[in-house]
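Here it is: the structure, laid out below.
Labels run A, B, C, D and E following the written order; every chain starts at residue 1.
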């Protein structure tokens, strides 16, 4: 059952990546072109998934939307990982009082979920994709600090680290040669789950009008716009909704699959 | 000639919050070059703390450790090169003593790559040295390119020994090195250890809770209880005529073979 | 105990500084925004004096913090109303939504999580895990809108939005909260199921669970008698962490169901640039999260006797 | 909604933060909400019940709206939201504007103008009373005028009242107001927020309590959510038809539609999503009214003038060239834009005036849609390729229009970088105050706002002496001269392409069947006057 | 003699992997104590768990296990749970985690008693205190009211023993009960186990890798290798004259006391061509 989760997840994620790459090269119609096409058209030919309220081809926008979904995810998770992982290792290495102080800060940070931060930042720098990603990234740092510190603590307690210290291997080398490779899978799991959270957060932000500007096709924005026509043209909300759900499901399944796959303790439980 | 290790009044106290635990209390001992000394005690007796302090991996609360006449405790890591090159460890749990994500060749070569050790040993062909020590512990040369999880518990312990031998140390500290192994495998590893110590003239500190094994491996031994040395002397005498009541109880507790009806 | 109080106060102070700095950094002169176009210099100066935004940064911060300590969250820059009276009536809305959502989530997640853990290899376990995965993938506001569309408008069983205070008409209060609490609760349940499952899996792996089964308890009874309390420890932690997410989830749900809670007020105030109110709301939300997490730690001691020993010694 | 994700498999973590003392504080906070929590849905009939059936005792009216006021004092800020609910319902003015845009008596029974059109004499109706019973006297009117001129009121109202030289109380029911120069617009302004006669006793708490003389008084205000007005029992005029009138504010147009469809609302004052009109096609339950408003949706151009005393704007230099502005106008197919952005509802306009203005002239023909000509003009002006910042207000019509404009400008070689600005705060700060923009899109709801083109300090930074003279002559002249000069001004700015006037927002009103008397056009006083509304 | 426990042709495999136990036969008479010796991976623990019915649900068990005439293989979890703790019970290897940390020791022992014998709390308390005294606690009340983290490893193992024996089961299975304990503590726990088993008259399956410990408690012994029994007989016979080479190797390496210190240790390989 575990393998199935991982495979379905990988297929979905691969799908999203494929859509994104394809969008660089080709889209059936101009994704931002307000054309002469009929508005709010149902799926058919040539508009495979129909058109939106501006007469723009939905399928093209979904393609380009995949690109911005990955863009949001990569930058947000990137920020969180690049800041969170080193801090996590530091927290594991610090003596008791040092780690205590840092973990208190992490607790406070947890009280600032991504959306709250995004609302504040949108007020400061104006609503844009960048503020959304910055907010989501910063809000995800505590999760990476926690995961990394837990993993690093168990590695630092191992005999092979003691052996390394016994032969005088310097601390930074221990961190790179021993700690990082052995917590990589934990960080990988956290990254894929945070990726899913980032996509969801961007959708929520766009709904609140704090996410991406109108000209940049994003699934969250499409869902927000479609929501106005939910009663008159419910079909509009189906495609962006499915795209978001699919991508988020994909990344979560990969995260779960990786965790179960790599966590021996979970396997032989009676 | 001067003793290899000189330990005077070594004390180590661990404090968490308001409560503190005395792990080691006023321990003094000397270790001569080439000596095979058993350090016996039950869990919580302080034996592991003692050897870690002697190897400069932990700071004592009070007391001093000297190695080859040079001070170890309280000396900054940068200046411990002499100790790092000549004192090596073999630990208890084969599953945790090797980095699962490093090839065996790199694991064994790690001490050679440490800057402190390299300054002491000077240039040497690491690849050749790794092959040498792997052969010395009875493992095929191609083991270097494989990963630890491809080996059995006994083989992994051999790799740990190979790592310890790589910088050709003077002292080998075996901290419960065979306690986690099956009986059949334990014999092989002990034989290997004893043979290497003889051939290379190493000084051996053999830490164990199993008095029977210590009796077989080490001519002399010290008995630790609650962080203090309660008795020391030739292991054989400790068995036949223990002076301290705790040692007597320890010897008596070893299950002996007796046929039941 | 004293150490904990100190740490909590420290966390709170840290949070207040962060909030003040962020809201203070908002560009644009508030007086200009309020008075609008063509305000003369001295009119702007008079407005700034009235709002106190011309005072140095630290003085404003201290004035705000000490004010809060005495329950005075300052005054709204636009309407002049004290922030406390603005926030007061709305707290009931957000609390009803958050508590309702969290309770519903736990009500769904605990049994499903247990099933997902115990029947891990059979179809019920697989089904629950997949349902949880899908539940998490659906954006909460989309779920909310669908609920409004189906139950609010098409079937007309429940009011599509709006709020009636519990004091005024408990039945109407309940009817207005059914859809929003469901939207918030179901999505949170999907997240919690995965934690309940891994908490119970951890317990199933414990030796004392096996001991319980060896003295004659069936799988379910052993889990109930010995599993739940031990799992509670990690679950309580998760509830503490998840609370912040539920509060934020409430902000979106308040927008979809037009509930006059702290979330929708926060959104309005940010777009109106009324920082005094924004600061007050965010501080309150952060205070609630820190307080609940502190309660979580206290409950640790109640559940796990080992900690009780360390606390008292 | 971001579900912030704690670590996978949260292991047991012994954390040390205090609990008991804090728990008390958290509970105390919830205790203080004991006070009456907000009611957004008045005791309206159960939505299930049919819309027309009316509970006997309280006769209520529920109006759905979108822009809610930040303060209860309509004179405090520029925002038009304040007047929508309160003007004519709670606060009254000497004279009022009716649905057709004509001035009608209110607090003043009659008024006449001196020969030199400098002095106006108002006869107050003797039985006019404030809501607390005290009579509306000439002194009160004078006090209000003084407050507008010198109190902390919105600069726009101060400017409108700056033309008043002096006020003279002849007797308790008669007041003479002399102007520094004749001004037609002044009397129209007196019918709006500037002319509000507030009970002087209520000046201090104007922000949070209302002290007016209208048929309704303030019941409950839940900022950001709803305003409930109650019947003023001793109203001096014909009493209000309703015991309770509620204005409910919706950020999300979809939610407003849902409330209307489920019977919670009687009226949607301004439908923000014309495409959803189809949902109210069931004439047995709803009636749809399509009128017009004064709101001109403009693609504002930063013309780059830098009058002293105002922070200089950062408009692109190219925009100073009229050929570039003409090219921009010709690049946009305004009919297609209206059809796409606002579902074809609303009226095309060629200048800053709407059909209901008395001086209106159809100028939609100036610089018609002609992309080739636009490209030629751009090349001639030396800007074949041009990059401009387009910063619309983050409102439904503006962001959709921006998307459309950006794509059509792209066709003629102008790259538009779109960044939405949260409305009102960031748009006011960036565009209105600092003119830190090239192009922007927003609707201008104030009536007769062609005069803004005569003020170089206004955010379009447009300095055209000919327009300034025409507007000045209009204000000083007779009503006939006023109309002629305003028409000239409109024509001048159209030819000079000072901006691109996209369309005038329609007044889309949806009412429950049986609700009558809702004015078709949102009149220029920006008030949603409930006194004319009846409910069967 | 009718045997209390009869295991015939028992095979156990997990998922699609090859079987861990193959065609195992065992007999245990009432009151008899049988030692099962084997190294890690020999299948000794899996066999014990199979008898108790505590294997994970992806285990495939074939063959027959009859306890006092009742066939256990194929029995439902509900039916098996009535037998467990009443007619057979088990003591595990790791005392530090065997007890529920959130419940007092006394209450956990009482649970076993009240589940199968008598629900009354008063009588349960008396039985528990009696049992705790029987396993060597002279301060039974204090131990009953303390939480597991307040007891040492040896004390916890004796509490688990009390729990296993309070209902006087016919069969007690011990899976390396003293391996995790210090030598001195191991001696006392073994002595207590011996006395209590004698008093209750229960038969015992004692699993260990330590031949000396098995010789202390068991009259008969089997040696397991790769899921099969390779040697069977009285303790006396197997420890002095083992027939199977693997068994001989094991005995040789275990008898350190017969060796000259410092000499090469005999290894299993000496007796066995590598299997």
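As a convention for this text, a residue touches a chain if its C-beta (ideal position, glycine included) is under 8 Å from a C-beta of that chain, and two chains touch if they have at least 3 such contacts.
All figures in this text were calculated on a predicted structure; none of them were measured in a lab.
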| item | value |
| --- | --- |
| Graph distance between subunit C and subunit E, where chains that touch are linked | 1 |
| Smallest count of steps, each to a touching chain, taking subunit B to subunit D | 2 |
| Pair of chains ranked first by number of touching C-beta pairs | C-D |
| CA centroid of subunit C to CA centroid of subunit D, Å | 36 |
| Rounded Å distance between subunit B and subunit E, as computed from the means of their C-alpha atoms | 33 |
| Separation of mean Cα positions, subunit E and subunit A [Å, integer] | 50 |
| Mean-CA-position distance for subunit E and subunit D (Å) | 85 |
| Touching two or more other chains - residues of subunit D | 1-6, 8-9, 11, 15-17, 252, 254, 258, 261, 422, 425-426 |
| Numbers and ranges of subunit E residues touching at least 2 other chains | 54, 57 |
| In subunit C, residues with contacts to at least two other chains | 7, 11, 27, 121, 136, 139-141, 145, 149, 153, 198, 210, 241, 244-245, 248, 251-252, 255, 267, 270-271, 273, 290, 293, 304, 310 |
| Partner subunit D, residues of subunit C touching it in the complex | 1, 3-8, 11, 27-29, 32-40, 43, 46-47, 50, 71, 76, 78-81, 84, 86, 88-93, 95, 136, 139-141, 145, 148-149, 152-153, 156, 159-169, 172, 176, 187-188, 191, 195, 198-199, 202, 233-234, 237-238, 241-242, 244-245, 248-249, 251-253, 255-260, 264-265, 267-274, 284, 287-288, 290-300, 304, 307, 310 |
| Subunit E-touching residues of subunit B, taken from the complex the two chains share | 42-43, 182-184, 186-188, 190-191, 194, 209-213, 215-217, 219, 235-236, 249-250, 252-261 |
| Residue ranges of subunit B touching subunit A (in the complex, touch as defined) | 55, 57, 77, 80-81, 84, 87-89, 91-93, 96-102, 107, 110-111, 113-117, 160, 163, 167 |
| Subunit A partner contacts - residues on subunit C that touch it in the complex | 7, 10-11, 14-15, 18, 22-23, 25-27, 120-121, 125-126, 129, 133-134, 136-142, 145, 149, 153, 194, 198, 201, 204-205, 210, 241, 244-245, 247-248, 251-252, 255, 266-267, 270-271, 273, 278, 282, 285-286, 289-290, 293 |
| Complex contact set, residues of subunit C against subunit E | 121, 206-208, 210-219, 221, 225-226, 229-230, 303-306, 309 |
